[in-house]
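The same subunit A turns up in both complexes below, where it pairs with subunit B and then with subunit C.
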Partner chain A sequence: MGLLRKMLLLCMFAGMAGTMPAALAVDVVKPAEKTEKKEAPRDIVLKGDAKCTTCHDEADSPELLAIGKTRHGVRADKRGPECTSCHGESAKHIAYKGSDKPPKPDRTFGKKSANTAEERDQACMSCHKGGNRMQWVGSQHESQDVGCTSCHKVHTRHDKARDRATQTETCFSCHKEQRTESLRTSHHPIPEGKISCSSCHNPHGSSGPKMLNTATVNETCYTCHAEKRGPFLWEHPPASDNCSNCHTPHGSSIASLLKYRQPFLCASCHIAGGHSTTGIRSGQDLGPLVTPGATSTTAASQMVGKACTNCHTQVHGSNHPSGPRFAR
Partner chain B sequence: MKHRIIAGVLVGLFAAIAAPSTAADIDAEAAKALAKSNDCFKCHAIDKDKKGPSYKKISAKFKGRADGEEKAIKNMTTGPKVKLDDGTEEDHKVIDTKDAKQLKNLAQWILSQ
Partner chain C sequence: MKRANEKCFGFSILAASIAAIGFAAPLAWAAEADASAEEIKRLTRPDSEVEIGIGNASTGSFKFGDYGRGLEKSGGFLIGNIRMNGRSESNANYLEIVGRNLGLDGARDIRITGGEQGNYGLSIEYDELSKLHSDSFQTPYAGMGSTRLTQPAGWAGSIDVTPGGVINPPVAATIVNTTMMTRLAANMKRFDVETMRKGAGLSLTKLISGGWEVAVNFKREEKDGARLTGAPLQIGGGGSRGTLLVPEPINYTTDLFDALARYSGEKLQMQVAYHASLFSNANKSLVFDNLFYNAASTVGGNQLTGRLGQMPDNQFHQLKASGGYTLSQQTRLTGNLSFGRMTQNEAFLPYISTTGILPAPPVASLDGKINTTHADIKLHSKLSQTIKLTAGYKYDDRDNRTAVNRYAYDPADNTSAASYANAVNSQYVRKNSPLSKTQQVIYVDADFHVAKVTTLKLGFDYDHVKHTNEPTAGDKEATVKVEVKHKFSDIASGGVAYAYSNRNALDYNGSGPLNATYTAGYLSTQCVAPNTFLYNGIVTACVGVASATSKATFPFLDTPALRKFFLADRTRDKLNAFANIAPSEKLDLQLGASYYNEKYPDTAAGFGLTRATGWTANFDANLAATDKISGVFFASVGDYKTDQNGHNGASSATSPVITTLDRQNNTVAFDPLTGVTNRTARSQTLGLGIRVKPGGKYEWGGDFSHSTTTASTGFRDIGLRIAATVLPLPDELSRLSRLELFGKYRLKKDVALNMKYVFEQYRSTDWGYDGQTLTSSASFVGTGQTGPKYTVHVIGASLVYNFK
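Take a look at the complex of A and B:
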């Protein structure tokens, strides 16, 4: 019995001794297992964005990651940018360690950006310099330091400036006079969303006046109002010269976007002649409608309260053989 | 005697209702806004480790500890040295508020993750 007990005790010791290194090994291995193997940061949206998204991820600034929903975020397109394509390598910003704010990236685009408008635009112009933007350098916007990001938002799926329905919000934030005009009774269908500022203007620069899409005012108007283009047998020179001689483009309180009411508008040129308009503004020399004993009416009084286009309907030009007065 | 029993029951009920209200008192939006404005999310995320540990991890470490909230606030307000993943150390950012109510709300929000 004593021998048996001794053997059993020996076996127990032997077993314990055998398992001891394993138990120790487990203790040694355990902490190693506990320390999570940290993977190298992966790109989230753009190629090579890991160096930025390590900090600027969905927890910090989800709005930045929305660039993945835009054309800039199409990774299959090899021309697509990296973060650093626009913001610069920003080595100091990335390498900064400390509790204060890190130095700004090389190129930022916010309102508080320390970069000049030209520096900011370079980020865009390095790719987007052809086509409609051919006239950018020296254009009114460029020379007034209105840069690309003054109007465009890059990290968003919906860029207001590129949507016809919302584009005017962007333009009217500076061009307030045009906003007021567009809300007058007679207006181009801008508030209705049928046309937008870029239907007529090229904000990226133009060789025409007022940054128009074409070389002249009339050429721009004729893109829609083709029936006014002619050629006419009988031309009305002010109409073929410049539509804005009579019309104001953004809106007017007078029908047909006219600058003044008729007959005053016509009277600004047609002072003497067939229907004399002398004194029409001051009210002088109008006289009674029918002069007693006279066989004809007073020409000036015919003008009062009437619109010239009641008779002269073809005011933009006429192709009728009898149309030199634009009445047919 | 009867009144005493009723009073005791009422006090008990009131205590039972009032006790869990601490969790509901946390203004998560305000806490997140404060964290965002202080760039906390640049190093911490709710459920993933960045330069700093996730809030879930911090919560797991301090939850249930009486001094958890106090330690969290101390970390935010005194800027102690913290160890980063790459083995280097840097000062923890000192939060840009001294409003005890805001700090408490943020600490509670972190510990509730």
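Take a look at the complex of A and C:
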């Protein structure tokens, strides 16, 4: 019996002893009790974030902690930010002891932020002012109060604006015409997610037209369409001048992203150069299609198929000695 | 004993209970601690995801599968996506792998990025992109996909040129038309016209102390396949030709190389870079047999082949520098400078494939060279709390240094030299005219915060362009802009913007640059004696003989009153308006409209594009009904119109006679041959999307979009001489409807099932192909293509495994 009692007493001791680490463990996992124990709060993600995560913890604001999944959340990178790097020291916000809503942090980024776009951008530009963002100040977006966080999400691993497959969701929220055009039958592979707006444009500002990545329209186009760069022996003036003379880049109901349908596009500049009927097409040009029952071969080769380019194939320029008419 | 035993047992129960609590509490609290730590880890540590599944497309369609969707064929396909994020907890090392559409040809891409954040980074990527042009194209040629297209067996000699015969109408036997091709229909063969781009890239970045960073990028892209091109040939004397569309084999390689160094300091940021783009084409030409041959032809021959030059190898090298300096808290200066050179020196092909007819070109290759220069500077200053000013200057120069030579040529291959002699008065001798352009822009934009809720923007741009070898030496365009934005309340804001541009071309000489490419001897035949004209500053006599219709007093090759739209005088109005309303926390409404009107006043009195106008309107609604349900709706309508002045025919001997002089001076007498072509395009687009995340194991959503465009061609103010022949053209229509439904069910904490259904329907009509037969045109062999139409259902099911 004595042995049994001793064993049971040992069990009780062990049981009581067992509660000790549990009690200590409580201190680790229950931040609310941490302050009661007067221990320094611990950072969760960013350096010095304890002053924020004491309240904005996994229960209060789990979405904020996702910054740990981003590059901003890599503490080993000494350039990494603290919460206050972006939101300011926010002393009043932190010191507030009341039970109602505390004063807002010095800098917020939500829809109802009291900060100006410039103030919000300053949070990002303090680190990201080089490289492609060098021309941000005074750029089209900046001057329209479209700030960094109008497009970018910081507290999420997947920033839609930085993924070419999802970037248009961000851009099209303002650029509705381009959204419509991208749904037309002829378009760049934007809806398919193979290229994005930033493949051609620099939304952070550029010296090129329409915020293009390069100085001219043609230079941007040649990035992917280098075969059209030349120099050619026989240059086609509108093509050398500006690709957008004939093409509309965001989408068209006409093949090859053309602004106007051939032969009318060509007839904008060529009325009678060897084809005396190019300026005004007559219905006979489609042959039997518009003359039901007719069997004659009246369809003009300048109208059917690829129209003018059935023969004048080299409209971007020809390097063939016999190519001044762009048929070789 | 029993009591003692019971007492002992009771004590034992108590002791055991305490012991159990003692053991269980730390276990429970430890479990809670683990759970919390696990939760924090889940929230803060990057996770990874692998998706594997299968799908099925009900119908194959090139149009549906275009651009890398990889679904041009019906049947099953693999779904494969991967997103892996590896990041050390103890240091800044990372490894990310993102792969999409791995099971789909022409759609897949993968990118692997690794390094030490804040120190160096390395990235490797691979990408495929297919472009599916046509799966209904047909041609009689053999050898499709190669650089040599040959007549089908038995074609030679099969042309029926029997005058008055069943096939051949009573026409001159020397001109072959498509109805004489007795073996055409039997020899038409399908060929899928498509290209595939495959790109592989490598990037390296390295941070250097002192705010410097260097980066090197290399990308090689190979584009293979075929595109449609024209294959014209002479089938008679002079300008009579026949043509057909053929697949041109594509075998391009483009290497892109960039090396840069950038500095980022508190006030100064700058970057210097070198960029190279090297293009090479493995195919130098496309050779095709003459399908229009017949034994009785005076020109052409059985052995005649056409030879189309393909895009030549070329290179572009560029040095770039850019920088920005913050002069003060209110003022920043930025600028860019770049120098580039485009070169091309591919060996010339002979003038025509038939040897001995024309001499060799004057040089063996072009040695083409274009220097490009760009410079710009921008000053932005916050003059006060309410005024911001941005001013800048841009300079762009394209200096074409390519040598100018005269070239005798043949518009399309032939076996006859009769019409193409290298004579001084031949129209088939021309010199190249390298194009150069210099553009300078100055601009000023001012923002005024006239009130806390009201912003006024004023802007002015001045654009000055100079050209060489164009009808005008340049133009000047001034643009004024004004914009007002106002916040009406916490829930409503709006704005309106207007811009007016006026472009004035310097003296427009429509004949000059084109004439300059011909010989004086030829031009002198285009006007009638005793008139004279200036050629390279030399007074040259016209030698043409005046007739009832030929009376031009100076040479012109296209109508002198024609104005090219990108060079001509133009005024442009642009108006934009928007309103944003947020009636509640949950609902956002956006309304927008835009309008533009371009007029070409100088052209209106002549020929060419005289007006382009259009408007669009859109409405968007975003609804976050609850935390679990959100939706979006949008609708856009638009209308675009162009007017183009043109004419049909050059002169007419029928009384009252219309002469070349009437055309030259665009007199009232020329009106019976003129008219206006107006094109209209109307579009409607709407979309609807819903996302439901109830918070349990499943979530679902769907998107619907519909887009319709209808384009019409009309004619008005048609001259009396041509009114009877101008018939209306059918509309062109394209209509795309797409419904996509998807759902996600979480089978386990880290495993989810994705389901997807897509319905897509496309309808189009195109009068360039629809209704056309192989022989609808006498000189163009039909291709059998029609406007694409499809109805496709796609289903997919995949498992997603999520892990840390």
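In this text, the second predicted complex is superposed on the first by the 259 of 328 C-alpha atoms of A that agree within 3 Å, B and C clash if a C-alpha of one lies under 4 Å from a C-alpha of the other, contacts with A are read in each partner's own complex, and residues count from 1 in each chain.
Everything below uses one rule, namely that a contact is a pair of C-beta atoms (placed from the backbone, for glycine too) under 8 Å apart; a residue touches a chain by one contact, two chains touch by 3 or more.
Treat the numbers as computed from the prediction; the structure is a model and nothing was measured.
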First, second, both or neither for A:99, with subunit B first and subunit C second: first
Touching partner for A:312 - first (subunit B), second (subunit C), both, neither: second
More subunit A residues in contact - subunit B or subunit C: C
First, second, both or neither for A:184, with subunit B first and subunit C second: second
Which of subunit B and subunit C A:55 touches, first, second, both or neither: first
Which of subunit B and subunit C A:91 touches, first, second, both or neither: neither
Doubly contacted residues of subunit A, that is, touched by subunit B and again by subunit C: 58
Parts of subunit B lying in touch with subunit A, wherever the complex brings them together: 36, 39, 41-46, 48-51, 79, 84-85, 88, 90-94
Residues on subunit A engaged by subunit B in the complex (per definition of touch): 36, 38, 54-61, 97-101
